[in-house]
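Sharing a structure with you now.
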Amino acid sequence: MKPGVVLAAGLGMTVLAATTPAGLGGAPVPGRSWLVWLLAFAAGAHGFRSGGSTLAQVARRVAWLLPFVLTLALPAALLAASGSRATAALALVTRSLAATVAAAGTAFRLGPLGLLRAVRALGAPERLALVLEAALVGLWSMVERVRAMLRARSARRAKDGAWDLLLREPSATLRGFGRFGAALLLRTLEHAEAQERARVARGADLA
Amino acid sequence: MSSGPAALSVHALAYHYPDGHAALRSVTFAAAAGERLGLLGPNGAGKSTLLLHLAGLLPERQRYLHRHDPAAPAHRHDVQGRVAIDGVVLDPGSIRTLRARVGIVFEDPEDQIVGLTVGEDVAYGPRARRWPLPEVEASVRDALAAVGLAGFEERFPHHLSRGERRRLCLAGALACRPGLLLLDEPTSGLDPRGRRELGELLGRLAATLVVASHDLAFVAELCPRALVLDKGELVANGATDELIADRELLARHGLA
Amino acid sequence: MHIPDGFLSATVAASTWAGGAASLAWALRAERSHPDRTPAGTLGALAAFTFAAQLVNLPILPGTSGHLVGGTLSAAIVGPSRGLLVMAVVLAVQALLFQDGGVTAYGANLLSMGAFGALGGYAVSALVARLWPGIRGLVAGPVIGAFVATLAGAAFVALALSASGLYPVAVVLPLMLSLHVPIALIEAALTGAILATLARWRPDLLHGLQRTGARGSAASGLLVVALAVAAFAAPFASTLPDGLETAAHRLGFSAAARPLWPAPAPDYAPPWLAASRVGTALAGLVGTLAAAALAWALTRRLGHAATAEPHR
């Protein structure tokens, strides 16, 4: 299936799941909402499976969101009409997770290259697509670079962590972070300059 | 624009960086179509700078307003000397067309991998030239096969080994079917087998080659003729065997 | 804060998406007409950097850590329109590949962290830089800018969540603002720490703020500051929550989600609500003073030299 179609379908499912009524404002949760969310979970799970992921991995990908989702959902549910608070809480959490899984599964199935192609196919401005492409290309080496720099920092320090607690030693911590961040930024910009030269050498300004 | 190997001619090329550091001083040489030329010299000799000029990536800099000393007034000066490919002089009018004839492989693979997958990266050049899709696909396939990475199209570059990444960069340049191929330290970081395979690969190419390297043995095997550059000056130009046999020359210019 | 999917109503999601798309369209047009050309690769690299910088957690207290968002930082380096582009790509990657921020909430997140973060932060930075010339202003500006922009973004998120029918605005707005004062200070501190180091090593890179046309930005900066102040002062205007609820009703927001409790009558205010209003305003005031102190401290060691010329 063409990437543009996959993305459009996946995002459509996400939007539907995210905006289906969840029992706010005193209204009960309609039966169809649960059906929509079930479909969204299924669509997302299918996307993950076709990308080679197990259900346990899927669960891990969204589990970290749970505390945050609960923080947003529980107060909202508490303010719902009494008698339906538990249902409202469950509905809100389900709605959020279902929509997230649908979107995540779509993105996982497409992968970075598929996402890029899909975004272009759906008519995104070329400049935006080029920046997105460069960001995706740079992402992996960037994360590696950060990990390596953090490891080097930890290795040099006597204490456990790479940073002192900000509140205990604000000046030293900030200065360390500033140097780290600036060094990383400079290396990133220099690297980008070299890559731009390579692009020009291969004909970037011919296009 | 002809395809096939390109003839190269460089006359009195001089260049200094905006901070005033002179990188090249009146360099003159020529390479016939299909010739393989070695470029030897110690670090800082100006080899990389020369390659950047031949690739058409540097000449514009000198025309910018710049100053060598923060206190001095800004000035600009014309490019000194000239580079000609197939008899056409490199200037702002011809630079884009000529760049399309030249492929350059930089020393560090990380500096030149620009695609999300191996296939995307190699296809960058052909796509930039707006070749029809079947031709793009064919050139990618041929280039990957030439460097021994056939079938790698869907792989992620950051999953490749160091040697494989170097070959990917070479494939990216080859896919553009260059008449002139420039290589900056192509063997650095390669094991003996990698060096041998690279030498065989380059030996099979029809393009004109300029290979900048410290690796005397590699250059001796691949390139019948070589130049020696030191502190921006061309100090020797002759048969590679003879240059390498001249221990005094090598010692004088930091090559032995 | 990255809003996840499922908390914004359809109307709010659609209108914030429209707003986000409009701001992006503006940014693309604005940067296209800019005389300097910044390669897409550089902006992509900056996006990758911002993404990675957000991964670096700075421990504040045992168990709690903060991280940089980076909108004002990006704008200080590449200017406002490109800064917004960078944030748009960062947020898109986070939403799609890492589930940090929802897809339906992307518009709201872009407005909060991109429009307020990059554009609003830039505007305030330009204002401060005008009042504080030289290299110190180029760093102090983004420190204050990041502080104000984070709070303005938080206020926006509070309004969006409220308009979606989740919580009454009288509760969520002061709460979000108070919670975000320390977060805004962290953003200001981290932004300033990086820029102060950059100002020592490569002042020519801080060209985001060195452009001409900063006059218009400075005026916008005043507007952003005014908005932030209004957000803090709003709870005191007891008619305002009612006004907002009424406006929401008239605009059709509450058709999708009726208000969760009746808007307080103008002459009634529960005591804890009043206390939270004072608390919020106080937090805002203390936070602003702290941000100013931070700006001073971070730039203390920078020379008084005139703006560095771009190295050609």
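When the chains are written out, they are named A, B and C in that same order, and each has its own residue count from 1.
Just so it is clear, a residue touches a chain if its C-beta (ideal position, glycine included) is under 8 Å from a C-beta of that chain, and two chains touch if they have at least 3 such contacts.
Predicted model only: the values in this text are computed from it and were never measured.
Pairwise, the chains sharing the most contacting C-beta pairs are A-C. With centres defined by CA atoms alone, the chain at the far end from chain C is B. Closest chain to the protein centre (all Cα atoms averaged), using per-chain Cα means: A.
Distance from the chain B centre to the chain C centre is 46 Å, each centre being the mean of its Cα atoms.
Inter-chain spacing, taken between the CA centroids of chain A and chain C, is 20 Å.
Once the centre of each chain is set as its mean CA position, chain A and chain B turn out to be 40 Å apart. In chain B, the residues that touch at least two other chains are 114.
Shown for chain A are the residues that touch two or more other chains, namely 112, 133-134, 136-137, 191, 195, 199.
Residue positions of chain C touching 2 or more other chains: 41. Across the complex, chain A meets chain B through its residues 112-113, 116, 133-134, 136-137, 140-141, 144, 191, 194-195, 197-207. Put simply, chain B touches chain A in their complex at residues 55, 57, 96, 99-100, 102-104, 106, 108, 110-117, 120, 124-125, 127-130, 156, 158, 172-173, 176.
Within the complex formed with chain A, the residues of chain C that make contact are 4-10, 13, 24, 28, 32, 39-49, 51-53, 55-56, 58-62, 66, 68, 77, 85-86, 88-90, 92-93, 95-97, 99, 102-104, 161, 165-168, 186, 189-190, 192-194, 196-198, 201-202, 205, 254, 257-261, 298. By the touch criterion given at the top, residues 11, 14-15, 17-19, 22, 24-27, 61-62, 65, 68-69, 72-73, 75-76, 79-80, 92, 95-100, 103-104, 107, 112, 115, 125, 127-128, 130-139, 142-143, 145-146, 150, 161, 163-167, 170, 173-175, 177-182, 184-186, 188-189, 191-193, 195-196, 199 of chain A touch chain C in their complex.
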